[in-house]
Amino acid sequence: MSEEYSLEIKHLNKYFNVDGKSVEILKDINLQIKKGEFITIVGHSGCGKSTLLKIVAGLVDYSDGEVIRNGKPAKEPDVDCGMVFQEHRLLPWLKIKDNVGFGLDKSDKEKWYKTVLQYIELVNLKGFENAYPSQFSGGMSQRAAIARGLVANPEILLLDEPFGALDAMTRVQMQKELLRIWKEEQRTMIMVTHDIDEAVFLGERIIVMSARPGEIKEIITTDKYSRRNRGSSGFAAYKKKIYDYFFQDSAELLEEAEFMI
Amino acid sequence: MKKKETVKQILLGIIPAIVILLFWFLTTHFTDVPSSILPRISQVGNKFVEMLQNGQLQEDLIISLSRVIKGYLIAAVFGILLGSIMGMSKTITYILHPTLTVIRQIPIIAWIPLIILWCGIGEASKIVVIVMAAFFPILVNTMSGISSTPSGFIEVAKLYRLNYWKTFTKVYLPHALPNMLVGLKLGLGVSWMAVVAAELIASLSGIGYRMSNARSLMNSDVVIVCMIVIGLVGIIMDKLLTLLFSVLTPWEKANKK
Amino acid sequence: MKRTTRILAFILSAFMVLAFTGCDSASNTSESKGTESAASTASANNDNSESKADDNADTTELKTVKVGVPGYDSNPLLDGGRLADKLGYFDEELSAAGYKYELTTFQEAGPAINEAYASGQLDLAVYGDFPATVARSNGNDIKVIGLANSQMNIGVLVQNDSDIKTPKDLEGKKVIVGIGTNFQEYWSHLVDEFDIDESKVDIVNVVSDAVTVFSTGEADALLTLYYNAVKLENDGTGKILIDTTQYPEHASQWLITGRTAFLEENPDAAVAFLKAYERAQQYAVEHPDELYEALSSESVGVEVYKKAYGYDPTFEYLKTKITDENIEKFNYLNNFLTSNQLIKEEINLDDFIDYSYYKLAFGE
């Protein structure tokens, strides 16, 4: 429980009950994330990475192990941890300012509004505070969602495939935006993605997970230069490393399937 | 631009009315349809003026209107309340839904003897008839609106540690508002139909009574005046409801664009 | 593939909808009865009208006479006509004249019959003087050709534990009077006869659910047809305070009416109909039990009709002839309806009552 860690996970196991049978979703997850780190988690769909994120957020409970978030056990959601989902999940009946300020303490109206505007500006949506989500594009909505996630000044921001629903060009744009915001706000960012490019571009460390059960295969530490330059050989090398794990995973899955037939 | 659209809308909406009036005129002037069943438009017009002048029409209308409003409001409160509870709880839905569905199919007329037994022959029984009619569309549509709230929104509420009540008012309820409006409009229309049935129970006043009484005396002009009045009042109330909801749901306008 | 399936599904559902709606026509009629049941009992008769029926056995040649009557399912209020029907008299008389009859029972009684008359859906109707007069005054060209019952008795039923001894005691009480029906007229008779202060009586206007309202104790008294009052008294639902067997001038009349146009074109049918009724009346005098039997149904038993109809074993009241006494009642009704603004102005009784068919039938 060191001060320098925002997140410590020790021997985390998670089982789900499916049709009476116990299915192991996460197996022996061990993780230590320092304050201000940008971590990406990459893996096949169904490898439990979203579940892992929800456990950290306190939305889902866990079976064994310890999850210590900002020095406290992660039993339930709290202001110290914000989250952004794949669907922007902005409430359609609230204006953008009310969406962004949704979880924020409203006892001091003026302060609330000032903070809200500040974060709206941070995500480059200045001037749109009175718009409704239906009037926004996908990228704009996600930006608002990110603002909502950050507005309460959490130590950690969790992002569950936030750009998965966006088109390729917007995605790249948003990755750059996120990077900028991270640099400005200096929060711990933990992002789940199935986009390998994205994982390499953003992750100071990349956690590669396998499926069924979800386990950490490897944690790849990347260098800044390679990350920032998508055309570099370093970038390509990291990518290849991750791809190899995927193919291995796929091969294993194929084997398993053949065995069952 | 907007004004032109509204004018166009109104003009288009009047077309069926004009067709009906034309048809009515032609049948009563050029065929031998009995006037004791379908009187001429002029006869109905005169009768309307007569009923207005002797004040009977206004009196009857106010009496029936108060019954409709009372019954409707009670139905709305119960419908929204129960609809919300059932929409949020699967268990309660399992318990109540089958019985309610059976009751819903039974025509109101069949309930009247029981209603007389339990509620007497005064105002209460008439209002109960209206409540029974209006309740179901409101319940069903509220349920639908509440239960279709995306789980993603509920998760957001959970993330921000909203308690049960706050989750209801800030997430479920606003989401269900458009559906609730549909239910409330349907319930309103049914209320007017029900008031006629209700006023068959020991009534000596009200527009439903007036209509039934006129029918047995073959005063077809009175019957048609009552029909038209009910229809017009009904559409006014419907429009008011729509207006109310457009105030309650300002984001819907943004959605339309 | 998908498109054709959709089209087929649409056609199938449209067909189902049409099939269901096409089945039933008038919403307030319960049944149409043909000559089948009459034919089955015709064999009970041994007189020579039977051979006449055989001569005209070719039913496709017979014209249909559409007859309407109020009532519920197995209880059409035909009075003596029920006996005529059971004995096959309608069948015999009508088929001899080249007709067969089709009976329709109207749950909504008078008003529904008037509407059916107005739209030309009935040729003859046997129903109350009140709705018949209302129909006439609204321009329905119908005529009264005879009486089905000159003493359609009405009674006042009160609660078993009631302290009401005379009609005057109804002041301060709740009385069920069906507005727009002959019970309203009877109430008027009671008010006149017993000097009742109407402003002190709480009139409860129920028609269809009158008995329900009374049985729940919501009202103190109920005005209803006498035979119904007898039934309710037998069932223990209430006790009879007063009835028109003691005050015959207060009773309503049940009329045999016909659409003028139909009557003029088919006088034989009218005559046949009257003859059937008259024969039934004669038969009832000799065999009263069969009359009670014919009138009875699952819900109202023989003992009720024995009391309700047996108070006059001559059954004079079932004769079809219209006498001066009957005209008095017509006058009272005419006046009552006008002064209570139920009709605009008094009808012309000479135009309304037509003795010619009775003359044709019986020569008087």
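Chains here go by letter, A, B and C, matching the order in which they are written, and residues are numbered from 1 within each.
Note that in this section contacts are C-beta pairs under 8 Å (C-beta built on N, C-alpha and C of every residue); 3 or more make two chains touch, one makes a residue touch a chain.
None of these values were measured; they are calculated from a predicted model.
Taking the definition of touch as given, a chain qualifies here only if it contacts chain A and chain B alike; none does. When each chain is reduced to the average of its Cα atoms, C sits farthest from chain A.
Relative to the centroid of every protein C-alpha atom shown, the closest chain centre, again from C-alpha atoms, is found for B.
Here the spacing of chain A and chain B, counted between their Cα centres, is 49 Å. Separating the centre of chain A from that of chain C, both taken as means of CA atoms, is a distance of 83 Å. The mean-CA centres of chain B and chain C are about 38 angstrom from one another, to the nearest whole unit.
Chain B meets chain C in the complex at residues 34-37, 112-113, 116-117, 120-121, 200-204, 209, 213, 215-219. Chain contact summary for the complex, chain C toward chain B: residues 110-111, 114-115, 118-119, 131, 134-135, 138-140, 176, 179-181, 203-209, 212-213, 216, 218-219, 342-343.
Chain contact summary for the complex, chain B toward chain A: residues 150, 152-153, 155-156, 158-161, 170-171, 174-175, 177, 249, 251, 254-255, 257.
Against chain B, in their complex, chain A makes its touches with residues 57, 59, 76-78, 83, 85, 87, 89, 91-94, 102-103, 131-132, 134-135.
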